[in-house]
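Here the chain labels run A, B, C, D and E in written order, and each chain numbers its own residues starting at 1.
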Amino acid sequence: TSLKHPDELKNFLEPEYRYWLNLSGIQEIDLVKAVCDKLNMHNLIIDSILDFAQVSKFQEFENNYYFSISSLMATSTLELEYEQISFVLGEDYLVTFQEKVGDHFNHIRDRIREGLGIIRDRSCDYLLCLLLEAILDDYQKTIEKLEVSESEINSFDLELDPSPQVLREIETHKVRVDQIKRALISLREIFLKIEREKPKLIQTKHLKYYVELKDFTISLIDNCDRLTSRLESASNLFFSIQSHRMNQVMKILTVISSIFIPLSFLVGVYGMNFNYMPELQWRWGYFVLIGVMLTLIISMIIYFRKKKWI
Amino acid sequence: TSLKHPDELKNFLEPEYRYWLNLSGIQEIDLVKAVCDKLNMHNLIIDSILDFAQVSKFQEFENNYYFSISSLMATSTLELEYEQISFVLGEDYLVTFQEKVGDHFNHIRDRIREGLGIIRDRSCDYLLCLLLEAILDDYQKTIEKLEVSESEINSFDLELDPSPQVLREIETHKVRVDQIKRALISLREIFLKIEREKPKLIQTKHLKYYVELKDFTISLIDNCDRLTSRLESASNLFFSIQSHRMNQVMKILTVISSIFIPLSFLVGVYGMNFNYMPELQWRWGYFVLIGVMLTLIISMIIYFRKKKWI
Amino acid sequence: TSLKHPDELKNFLEPEYRYWLNLSGIQEIDLVKAVCDKLNMHNLIIDSILDFAQVSKFQEFENNYYFSISSLMATSTLELEYEQISFVLGEDYLVTFQEKVGDHFNHIRDRIREGLGIIRDRSCDYLLCLLLEAILDDYQKTIEKLEVSESEINSFDLELDPSPQVLREIETHKVRVDQIKRALISLREIFLKIEREKPKLIQTKHLKYYVELKDFTISLIDNCDRLTSRLESASNLFFSIQSHRMNQVMKILTVISSIFIPLSFLVGVYGMNFNYMPELQWRWGYFVLIGVMLTLIISMIIYFRKKKWI
Amino acid sequence: TSLKHPDELKNFLEPEYRYWLNLSGIQEIDLVKAVCDKLNMHNLIIDSILDFAQVSKFQEFENNYYFSISSLMATSTLELEYEQISFVLGEDYLVTFQEKVGDHFNHIRDRIREGLGIIRDRSCDYLLCLLLEAILDDYQKTIEKLEVSESEINSFDLELDPSPQVLREIETHKVRVDQIKRALISLREIFLKIEREKPKLIQTKHLKYYVELKDFTISLIDNCDRLTSRLESASNLFFSIQSHRMNQVMKILTVISSIFIPLSFLVGVYGMNFNYMPELQWRWGYFVLIGVMLTLIISMIIYFRKKKWI
Amino acid sequence: TSLKHPDELKNFLEPEYRYWLNLSGIQEIDLVKAVCDKLNMHNLIIDSILDFAQVSKFQEFENNYYFSISSLMATSTLELEYEQISFVLGEDYLVTFQEKVGDHFNHIRDRIREGLGIIRDRSCDYLLCLLLEAILDDYQKTIEKLEVSESEINSFDLELDPSPQVLREIETHKVRVDQIKRALISLREIFLKIEREKPKLIQTKHLKYYVELKDFTISLIDNCDRLTSRLESASNLFFSIQSHRMNQVMKILTVISSIFIPLSFLVGVYGMNFNYMPELQWRWGYFVLIGVMLTLIISMIIYFRKKKWI
């Protein structure tokens, strides 16, 4: 059910129910404040929800826990879209605050509505676990998108001079992967803290699920590392191809210059107008010179062949 | 109220008040010493206040705490201006020592004067928390300035040979970000120490605010890391563009040399003065040669087109 | 013995026996589920077995332990083939789940069948230790293969312009070694955890064998580090050879141009058609010029010899 | 007072005095051994004093502490001069062993002689603290010298091809800073150990001074890091300027070649001796050709202007 | 005394003696096994001794300790020769197993034979300490050899194009130093473990000697780090010199081309055969042209001088 006005909340906040409240659009500050007040949240939680700082954190308060989770999703142009999602977990309620109308949690909402699975029978901390997993799934999709795009970039044509535009893409990718990795690391810190401190609002039998989430996060960080090292390879390769192209261009210039500059000198010699140049009078002078020049060309070509230049 | 002479202090230092003393210009050593003596500060505090060492630190003394906080603000030319601000927190007083007439704390002073907010009703450790936040806000502004300037630098024109001046700017930026990051790391250490040791002059209910400051510092450090990785990308890109430019220059040289050096040789041949050169007598010799040369030029151009050089 | 249907299991699962169950092909989800149910495994174990996440982990459950081990084996083309092997260790049973029909454990199976060694007399945790060692042995073989192939790559011919293809191979190798290293690190974490926590299903007298496995893993990680540093050397060398080749090509171009361009100018001078050019009338003009040119050539060659260019 | 013979020591070693013994020239092994024996030092201390190993360390023995401190001072040519200074701190004595006649502690000796300050009234551990501070001051001076010299190096002329000599200086600087940093890190370890273990021969009221020394060391390490990152910038800049210079040289070559090689071809054409070349007979042929060539030159120059090459 | 057959051992293994058994050639498996059995060693020790894994480790067993120490010695060609030396320390015996007939311990054996020093009077753990120190001394000699050879490599001739062979040597050196460093790090771990756990077979009064060994190892690691940073400097310098050489070659090419290509064009102009070319008829045409060309050459040279190219 979607609510229009904070006052309607009153009906829901009956102590005997377990409920999940999903607020999209934390821009409506008044609504957020009203909800928070109704649930007796600490001032700091309200400040944090309305603040747009990009850190994931987990704070324990007297009668509830506050989770602030960063979500990074890749758009179709691989731009990273940042969203801060806040969770407040109480003994019998879970409230989520999203900046945008959420597309993270649709399938979970559907499963609850249809009464599927074990979600309805479990407590709020189990639901929270599912929601966090949904966010991690989105991270995984983003990393996969970046991996696909990295493969495309990395399939250089080794025989073409690559444009710096390619390097710019590689570098932008690196920055993105780095950003995702750092977001995941602060998520891992949260799960580590939960594993270590075993907070009382999370039931002991559900702790194992949080440990699973931690392992999932670690494997995602691992993927980021792998992607980074592949991107660094691509960047090394890029520079090498640039040098290789240069080498090839220089070789062609050198081969052509080395063959024709000496020949031009030779023909220049016999273009001189000295009164007495015996070779010019010889009957076969011209043909002898042509023979000499052909010999020169052929021996040059053999020399460059041996040097593997052509 | 601003004081002219240390003796005027006496009137203020009545035990029943909570007060905040803000001293600008620690160059006036006598004044600083007088204040410190009045408040029974440890010798080491006085030494530290007057010392210009650039480290942030937090020391607990018997009846007060000493905080030395580094502040780095960017001027309009993005030079980093360093200032060391000292705080002495007692049970019912807070003294701040600034090198310059402060512009960090104006808005807080204004709020106290106008009796706004909850500042007046809280204890000195809460005030300290606000002042530290003001310093972190200044760090954030500095980082944002550097980010704006980094974006400008990073928008290379890929088709121009970049001047090493650009790289010098990138490198200077890196050094600056590095400096800010290290300053923030020593701040984080202070907040971590407070979180861990829960010093008694800081009220338990205010501890959460210090944890918030720690999170803020961590997110700033994160921004520094992101900025550094972007600057490293820019520097990689810079080198790649330099190589790319070189490649293009070399290609033009090679194309022109490869086309005209062989042609020059050809025309040189028929500029020779041998008595017997049959081609020279042919009626259409000249035009045949021109035809041959045009064919050569065209096939060269096709060759370079295929190699994607022109 | 190989089973066709999960129901046949019942006969085996008599409490008085110690047994090892080796399931290949975890694609047959129903079979896996049936076995797991029979052995009263936790839901999370079943999920993990069927999940293809590439992380090694060790989880303790109430009456059994779950090990998920990543195996990386190099094919003949040095592609890394990934396989996730799951172990469930109970008090008197050990179940292994493999994706493919296993080739890791053949020699161990043979030794059990033939009743060789001390395997039959020991408990399941000792068997597990042997199986894990078999996986580590496969890692070692993979690393050795990569080392052999690295030596081949690293034996550059210093006098040939290396193709970027070589660098691509180096970089691919780096990525592979990095992947193996990370897989081994998560294995080391597992052995460290066992050494530290001394879980009760592993007999104290067998703990030393697990410590041995940890040392083995550490020595493999060490090998990976050594391989990485060698690959980085190879990549440095590659770039240096590229530059060196370029230098040599440029030197040849420069030597030839420096010798013949001035000479061409000289012969050009005496090819001019001015009416009055005294040298042209001299009887020995031509021979004097040839002498001058020979002197020039020889002094050029001496100059370049001294500069060590030729 | 300066002593000539170990036996004179006897007079000094009266239990009722606090004294400071400063030995220069640990080459005189007999003297050192005599002093050590008189003061009942452990064998290991004597070995360490006479050993020239370059590590800073702090060891607690039954009735005294042994400090081995590395000192690195820059000579006028910025060579680093290494000296190992040993301190033995007993309950009522402090002995220092220097390799050279010391210039570290002159001002402290002067202050003691003149009875200035609070040094005379304090215990030996306070004196040790002052001596260690003097060594750190020397480190600071060395770092400042290197910073001055780094600024000189870093002020490249962007328009000159830099000699590898400059890079050699940068690299030598890096090695030096690295050496200083590592020496400081082992000093920091000593101060951390003192802060943590609060050894009983150091009075509790003096501990704060050692913490101060730790902070001083950390700020020096910080300076080293900053210097290193500046030197890395300088080295990056150096390579960029090399490439930039190359680009400019290549541009000039390309511009001149591109303009004159085609023109040379053109004039070559009309230097040919074909019997029938209609243009040669034309009255204005020569001037038309000159016009064509001027047009070519001008359009080339416009083209290169547009490409920002000249 | 050297033994020929394991049975001879029996005579030695009398409980009332402290003894040191030094076995060279662990290839003789039967001998090793016999000795181990006689001394009641754990199976794992025997396996480890016969295994050639290249890790240093320290394991405590019920009645003895097992040390496996890697030794790396440089041959005259600076190849690193690897040897694994095993020590088994019991309450009143010490057995060493070497692959080769040992050259590490000769001077210690000599001192024992001659009854020199305090070795004979001390227990086996003190002897072990001396043996380990001998191995570290060999490490130190190896590092010193590498340092000498590094100095030779690093003294580049800045004016010669360096061969990639030099870089290959630098890189091989790096790999070697890295290998030594990693071997030393695992040794340090052993000494740290001993310092921390204070194992009971090592007498408390000898513990300080092990701490000394730890400090020695740390100082060796430090030397490795210094060597590595010097090698990285050398490699940077190498690349810079390569670029510098290229720049110089290009400058010479550009200077010669820029001077003579325009001049060749000029003389080409007056080599044309147009019927009407007024300059050709002028009396002083030739000499005017020579004057023009000399002016050109001189102004070119002045230009390049100003640019600091020649």
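Heads up, the rule we're going with is that a contact is a pair of C-beta atoms (placed from the backbone, for glycine too) under 8 Å apart; a residue touches a chain by one contact, two chains touch by 3 or more.
None of the values given here were measured: they were computed from a predicted structure.
Identification of common neighbours of subunit C and subunit E yields an empty set.
Computed from the mean C-alpha positions, the centre of subunit A lies at a distance of 24 Å from the centre of subunit B.
The centroid of the Cα atoms in subunit C and the matching centroid in subunit D are 39 Å apart. Multi-chain contact residues of subunit E (touching two or more other chains): 239, 243, 246, 250, 253, 257, 261, 264, 268, 271-273, 277. If you sketch which chains touch which, the chains form one closed loop in which each chain touches exactly two neighbours. The touching chains form a single ring; listed from subunit C in the subunit E direction they are C, E, D, B, A. On the side of subunit E, the complex with subunit C involves touching residues 42, 44, 48, 53-55, 57, 59, 160-161, 163-165, 167-168, 171-172, 174-175, 178-179, 182, 235, 238-239, 242-243, 245-246, 249-250, 252-253, 256-257, 260-261, 263-264, 267-268, 270-273, 277, 279-281, 283-286, 289.
Taken in their complex, subunit C has these residues touching subunit E: 156, 158, 208-209, 211-212, 215-216, 218-219, 222, 225-226, 229-230, 233-234, 236-237, 239-241, 243-244, 246-247, 250-251, 253-254, 257-258, 261-262, 264-265, 268-269, 271-277, 308-309.
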